[in-house]
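Sharing a structure below in structure tokens format, with a few things to ask.
We just call them A, B and C in the order they show up, numbering each chain from 1.
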Amino acid sequence: MSEVVLETRDLSRHFEGLAAVDGVSLSCRMSEVHAVIGPNGAGKSTLINLLSGDLRPSAGSVFLQGEDITGLSSQRISRLGVGRSYQRTNVFLPFTVFENCRLAAQSQLDTSMRFFRQALRYRAVSDAAMRVIEQVGLTRQADKPVETLSHGEQRQVEIAITLATAPSLLLLDEPLAGMGAEESVQIVELLRTLAIDHAILLVEHDMDAVFALANTLTVMVNGAVLESGEPQAVRSNRLVQFAYLGEHDFEPNRV
Amino acid sequence: MSTRARWIALFVGLTLLFAFPLIGDRFYVQFVSKILIMTIFAGSLNLLVGYTGLISLGHAAFFGFAGYILALYSPDTEAAGLLTSLLLSVGSAALLALLIGLLVLRTGGIFFIMATLAFAEMLFYLFHDTAIAGGSDGIYIYQRPVLMIGGWQPLDLANSAHFYYLALFFSLAAIACIHMLLRSPFGHVIVGIRVNEQRMRALGFDTYRYKLVCFVISGALAGLAGYLAASQFGVVNPETLGWHLSGSVLMMVILGGMGTLVGPVLGAFSLMMLEESFQSITKHWQLLTGAVIVLVALYLPRGFAGLLRKRADTDKLPPPGAGGSGTPAAAERPHV
Amino acid sequence: MDPYIFLIQLLNGVQYGLLLFLVASGLTLIFGIMGVINLAHGSFYMLGAYLAWSLTAQLGNFWLALLAGFVLSVVLGILLEWLFIRHLYRRDHLQQVLLTYGLILIFSELRSIVWGDDVHSVAVPTLLAGSIPLTETLAYPVYRVWLSIVCVVLAAGMYYLIQHTRLGMMVRAGASNREMTQSLGIDIGLLYRLVFAFGVALAAFAGMLAAPVSSVFPGMGNQVLIICFVVVVIGGIGSVKGAMAAALLIGLVDTFGKVVEFEISGFRVLPELAGMSVFVMMAIVLLWRPEGLFARRLR
């Protein structure tokens, strides 16, 4: 088995007494796609926020490559090689696609406290930016401001800047939400390629994509883990079917 | 404006600025020197407000403090050396900016506005209420600083044309410096912070440190302006730290068009000339200034540069207010 | 310290703090509910004091002046909201800062045109002119006691209004969710207008109450605004409870800061630095709890 990249132990987060995430323990290995599914409000996004440092856990711990990173700030966690994408597109809307990715790639420099040379002269940074733009398939849109792009293309930018920081662990919060069918296929292919040398924690509502990609599947309900294991085994679990998968055409609002 | 029209405007503007002392009356040469100093001051604030998205209402603190340092350093009977006193003043302003920045940058949004104003007022009271530097009357600099290279004195600051060219030199140098900064990796980071600070953190940037460095650079440039102002008039008083000056310079930044390189220049020239003409009309000229400010806030939030700029030829760095997906006012509005 | 002097200073500190609370609570409510930072808030305090001075002279009666001044300030608040402030709700802080800064200049010049730039004083109304004797030589003015009581009553009324009435519920809902409030059929425009007018009236009323104990002078509005900013930064924004605690804290620190100066007047520098004490407190709060003492932690 490959090394464990991410591990959580009894991770919890309360909001005014309400447990949004309740004692979640899971792990994610190198080259593994660990999908987390569950109805809306199950705490999936909160879980990602706890892992990325956007939120501080109320209890429990998070380990990255064996190191305790519980409660570190998001910038520290990012610099340790964790990249996250957001469910609601969270990019630099007035900037071009290229500038979005270039700025994100600039975080690979040991420091950006560089005042004299032009940013565009840092070839390695620009090249890294162009690489991720190509990966998500936005080369033709590279010089357009993101705010002028379609919703689906903006979702691709979201993934591109997450990749541009060259993370080894990817935390993806519904990367396919709002994408057209064609783009979805392309991103699923991209994730499959990325999975070779990344650990990926994937929160996603698109069940076809989940079952196409996941090596491990965790079902969350009301902030807690209901079931976790091999995707096919989880799928056949009666409890899970009842709570969640029973509705074949998944509509989050009805659950 | 097209690129060509811009170059022509730049050329004409620079030619006029360089030739002005040859044709202008002494009073106007001094007045334009004063405006040039304000372009540096407004440019420094633009770095915070226009590019980094930090609204400081206490920027006069650094301007006035640098002037006070010059006044306190200058001996009564002989002139201070220009280079040493300049370094000392600007360095002190930078140090003050570091101290204040360490504190105020721990907050954001409206707190930042209030805290910058409060700390600047603290400094105002410090110099106003104590005998450190002449109290409310201020302190005189009897001898202008002197630049000596070997035994040669290339500049006489008491000569208004000489002073004019010194101010022009520093004004252009400051603009060039800001231009360089904005194109550097550092510049891209601070603009990214304005547009979406939360995402910058998620991308691994320690935004507090970048904002702090930007605050210090901005404070140092404001200090340069304050140094020049003090050596032009030979007097420093608590008003140079006051919030009316902070408000005026903020007005210059916005009137000209924040987040643009020429905005502060346009703003400094237009506001100073406007105020000068109001002062010739009535003793209660601030009533007119106030009305202009209100009208600008309501109808011209992007300033003059916003009027000139067409959507098609926007720079890569977008105008403020265009983005801001990160911290809308609503996000920091809490419960009652 | 002599216990009676201590008592007097304590009362003075509390009274100053309560007065600050009246001004700061308006500031914090207007920001908390409407999302508007109002730099001109101090101007209303100044206008209130000048109104008290000039109306007392015109009407010959402090109480009538207080009533007329209150009505005038409510009208002024409604007018200002309608003319300017309502255009700021969807704008960013910068435009709010700019516009309200412009208003400061306008109010300050209008005051100069109408009332001049002189310092004035307002006589304490005869009804409250007496003093409460503490010792043979020390006494405490009745007016100051009355002033504190009025402030406490107002604060309690405000607390009740916000926590227990339908209007207060609307205010709290408006603070947390503009769209939801609108969909509930609450006229948000009217609500905001009332909140703003209420805030203006509170500040002006504080100025009127303060007129007999402090002098009436041109810079008083800006002075109180700065201190209120310190109060809001320390207390946490939008929190009326925080504003109360911070205002009392500032009132006491400032008052006792000046007494300490008195006690160790052997030193030349220290007494002059007493005015710094409130800013030092703000610095400490920024270091320790940058979101303010009474705000929830965000992350």
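Keep in mind that, in the parts below, contacts are C-beta pairs under 8 Å (C-beta built on N, C-alpha and C of every residue); 3 or more make two chains touch, one makes a residue touch a chain.
In this text the structure is predicted, and so the values were computed from the model without any measurement.
Chemist: Most contacts: which chain pair?
Modeler: Chains joined by the most C-beta contact pairs: B-C.
Chemist: Most central chain by CA mean?
Modeler: Central chain is B.
Chemist: Would you kindly tell me how far, in whole Å, the mean C-alpha position of chain C lies from that of chain A?
Modeler: Taking the mean C-alpha position of each chain, the two centres sit 48 Å apart.
Chemist: Quick check: how many Å separate the C-alpha centres of chain A and chain B?
Modeler: The answer is 42 Å.
Chemist: Could you give the separation in Å between the centres of chain B and chain C, each centre being the mean of its C-alpha atoms?
Modeler: 31
Chemist: Using the touch rule from the top of the page, what residues of chain A touch 2 or more other chains?
Modeler: 54
Chemist: What positions in chain C touch 2 or more of the other chains?
Modeler: none
Chemist: Spell out the residues on chain B that touch chain A in their complex, using ranges where they run on.
Modeler: Where chain B meets chain A, its residues are 180-181, 183-189, 192, 195-196, 198-199, 201-207, 209-210, 213, 316, 318, 322-323, 325.
Chemist: Can you list the chain B residues touching chain C in their complex?
Modeler: Touching chain C: residues 49, 55, 57, 103-104, 106-107, 109-111, 113-115, 117-119, 121-122, 125-126, 129-131, 243, 247, 250-251, 254, 258, 284, 286-287, 289-294, 296-298, 301, 320-321, 324, 329-330, 332-336 of chain B.
Chemist: Inside the complex, what are the residues of chain A that reach chain B?
Modeler: 52, 54, 73-75, 78-79, 84, 90-96, 99, 102-104, 106-107, 109, 112-120, 122, 125, 145, 147, 161, 165
Chemist: Give the list of chain C residues in touch with chain B in this complex.
Modeler: 29, 31-33, 35, 37, 39, 84, 87, 91-99, 101-106, 108-110, 112-113, 162, 171-172, 175-176, 178, 222, 226, 229-230, 232-233, 236-240, 269, 272-273, 275-276, 279, 282-283, 286-287, 290-292, 295-296
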